[in-house]
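I'd like to ask you about the structure that follows.
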Amino acid sequence: MSENTHEDAYLEVTDLQVQFPTADGLVRAVQGLSYSVPLGRTLAIVGESGSGKSVSSMAVLGLHDRKVARISGSIKVGGREIVGMSEKELEGFRGGGAAMIFQDPQSSLHPYFTVGDQIMESYRAHTKVSKRAAKERAIDMLNRVGIPNPKRRVDQYPHEFSGGMRQRAMIAMALVNDPKLLIADEPTTALDVTVQAQILDLIADLQRDFGSAVVFITHDLGVVAEIADDILVMYAGTAVEHGPVKKILAEPLHPYAWGLLESIPALTGDPQPLHPIPGTPPSLLALPSGCPFHPRCEFKDRVPNNHCTTLRPDLIPRTGDLGRTSRCHLKDPDQVFELEVLPRLP
Amino acid sequence: MTATTTAKSGVRSVPGAPLLELDAVKMHFKTKGEGLLARRTQWVQAVDGVDLTVQPGETLGLVGESGCGKSTTARLITRLLEPTGGQIRYQGVDIAHMSDRQLRPYRREIQLIFQDPYSSLNPRHTVGTIVGTALRTHEMVAKSGELKRVQELLELVGLNPEHYNRYPHEFSGGQRQRIGIARALAARPKIIVADEPVSALDVSIQAQVMNLLEELRKELGIAFVFIAHDLGVVRHFCDRIAVMYLGRVVEEGPRDSLYEKPQHPYTQALLSAVPDIGVVRGTPPKNRIRLVGDVPSPVDPPSGCRFRTRCWKAQDICATEDPALIERAPAQQVACHFAEPPAESILAETA
Amino acid sequence: MLLYILKRVLSAISVVIVTLVASFALFFFAPTDPAGVICGPRCTPERIADIEQSLGLNQPKAEQVLLYMKGIVAGREFSSGGVTQHCAAPCLGYSYTLGQPVTKLIGAALPVTISIVIGGAVVYLLVGILAGTIAAQVRGTSADRFVVGTTLVVQAIPYFVFALMIALYATFLPASGYTSFFENPFLWASGLLAAWLTIGVTNAAAYTRYSRASMIEALGQDFVRTATSKGISRRRVVYRHGLRAGLTPVVTIFGIDLAFQLTGAIFTESIFGLPGIGLLALRAFNQYDLPVLMGGVLIGSVVLVVMNLVVDIAYTALDPRVRLG
């Protein structure tokens, strides 16, 4: 991580571990994750199911049940340490300084309360205002997220909203306290593509207005390309590649990122056969030795001395390229990408 | 009535007819409010006059957003639903209103793959039983050869043939989808209707299953009706693509012309909305089309053109006259009064 | 909302009418000899004829049905032994053995049964939902296992055994008996306390388990996570967001349960000597007192339908999706 992003980081995660003790053994969901997001920037966390992207982000809001999850490391939001915070302190922090939008607006809004009621509850939890003033604020927020006729809509129930409108209401609820940090966990995955485009535009607009730090969790590299400034690629609970979106999507340095790009069919050109990553992600109960990606990596033989199977690579900065890190033993990943991977991209 | 020939399997066919033809197919579901006095019957026009043709070995893609009727169409083709109007002709013979008994030989030749590999397999049956039941139902092999055939099928879909006595929960999502594919293949179908077969899978696993389907198609010459909301996936797999909106086909054509020169405003908007990695890796498109609002209710669709309420080109005629699906470019049919190719490329140009 | 209630009331009335017709069919065509029962052991044929005449039992069956209907709508006269009794509308007939109009008997017994059933319900709903909610929150701990274990033990005891145990051993409780609420609310409550406890404790076990299961599911819902992420207190998350959703299935079970509670009232009333509908029906059954039995069935069905209506309306108040659906 370069020094300049370090200083003005609003969210700073350092060596985060999240573990769930279960009857079958210890599930290591997040292992040694570090990243930071400054105000006004959007970081996309990309990965497949089980990569730890949602688990790590829920830890930022302290949403894990203490009885179930073991969390260590450090999460600093605006200078305040979240790991180890008391439940009482967390209540004041959640929804105020940092808010979250979830994947499925259908199930994430309470079906028995009006949309206005739910927004007002969030507002009044952090600001001492009258019901009337809170309702004004709710109408204001609904208007701001592009819901037509907010005065009528504020008294309606979620089931009277369409999917896209529900996600807008969800966003209004998250932003009602002007949070400096917004975590969006797959906020458009459940939506249709034309509605997804509207919501992505909305989030980008609002971020410009609010100037907040945004963590955007997704599995869709297309969405990353549209919305994010930086990207963090996660695999088996850890970051494998991190840096500016433009650079990483144009010239990724980690074999897992290459595999992802090779798995996505293109929208133009002649359809080429896909080169999917073989195998399946490892079980979090029994992670492979060395690099967690090595059982699926086609380049592990290029590294001498079986390093890939025995040594866990560090997240190392790329020389001469500020703000880029990658976790791989390969000596010349840029050349491998250029000569071998790029020609077969779809 | 045209002369038909009857195959050994009991499937009748008209010589020279396409493999599958949907002719003005309609599926209107009745909905009714509950209670003694709620007699206000409404009709959900899930599919309302769809024409489609699939030739042997061809792949037809169906795309559209939720509520456009693509999944209902899949259930109509496989006759899990009986249409309320129109004809579904398989090799020239209308199967739209056949009884279950009459349908049996046809069910063997028209197979369905589901979206959710978790819920579409019986958790209490071994993989061998699941695939073997399909073999037995369609009387594909003698009892003695059943295990051998099951193992052949498992191998064909890239699973370890020795795993026939395992249960679905012992497999990963991608492997379960392979089991679903093996089950469909057991009947040696001529056409497979795949309803969102890869959308529940992670990207890397999705690509594995796509490659498998591609190989099977080439090897076995099976025709596909491939339904997906992911426009990249559909483009990758299909020769021809039909775009649906509110129960109708609004545009249909060969893959390249549909993606490069879409003529229906909805197709253009749909393509423009796809988040594309090309915006970083190539030249982003100049204009992005953003639709406003949501899809209207299929209970009370707009008069005339169904897309007019969200269309930037809409004129008075669109409210009064329902545009017919007519050929605007070679093999490309569009249902729009103002159909025209876009002035500039809608998609990002990859460098 | 109003339209919904109106619709529900109309369908409730149709259920009562169907019950009425069914009980007619059962009792009017039953091979019984009511006149003989009234007449007693030393009876003359003349006296039987007189009784049959006065009660209209010598008329054709269809005529009797019409007479009964007329009684409900407009009232009717009964003459017995030269004395003419007027039975005002809605008249449900005349008790052969007690010499009183059925309406009067039911009017006296109904408040007793309703007091027992509703009072008991208040006890088990309060105890069950609270215990279930708390157990759901501490799921997996020893406190949770203790609650679940207790419910299993209580549920293993048959209802009448439990009632007998209370009646015999819980002597510190005030003596059972019925006093009208409007006469003396304190005596009303103290006289019913033993019955309420019996119904309350036995049913609370089941409701604890329903509520626990329902709350565990509700607390795992996405919207509960959303509520937590807003920064509201855990208590508010559980009791406002979780409980509201968790209650709905419990209310559904309660609606079905009420029918059994009414039947169970026969036990409770017999053991604690409370003069309710159950006891009245039991006596009528033993003495072939058909009008009382029929009246009991009719009133039972009306009460049931009304209670179900109340439960349904409570359900719509809980879940806004039902209101408009």
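Note that the chains take the letters A, B and C in the order they are written out, and that residue 1 is the start of every chain.
We adopt the following convention: contacts are C-beta pairs under 8 Å (C-beta built on N, C-alpha and C of every residue); 3 or more make two chains touch, one makes a residue touch a chain.
Note that the structure is predicted; figures quoted are calculated from it, not measured.
The greatest centre-to-centre gap from chain A, using C-alpha centroids, is found for C. Looking at which two chains touch through the most C-beta pairs, you get A-B.
Each chain gets a centre from the mean of its Cα atoms; for chain A and chain C, those two points are 55 Å apart. For this pair, chain A with chain B, the centres built from the Cα atoms lie 32 Å apart.
Counting only residues that touch two or more partner chains, chain A has none. Listing the residues of chain A that touch chain C in their complex gives 61, 63, 67, 87, 90-96, 99-100, 102, 104, 107-113, 121-122, 125-126, 157, 159-160, 170, 173. Across the complex, chain A meets chain B through its residues 48-49, 162-165, 192-198, 200-201, 219-227, 245-246, 249-250, 259-269, 271, 273-278, 280-281, 346.
Chain contact summary for the complex, chain B toward chain A: residues 65-66, 172, 174-175, 202-208, 210-211, 214, 229, 231-233, 235-236, 259-260, 269-281, 288, 290-292, 294-295, 347-350.
Of all residues in chain C, those touching chain A in their complex are 140, 221-223, 225-234, 241, 244-245, 318-321, 324.
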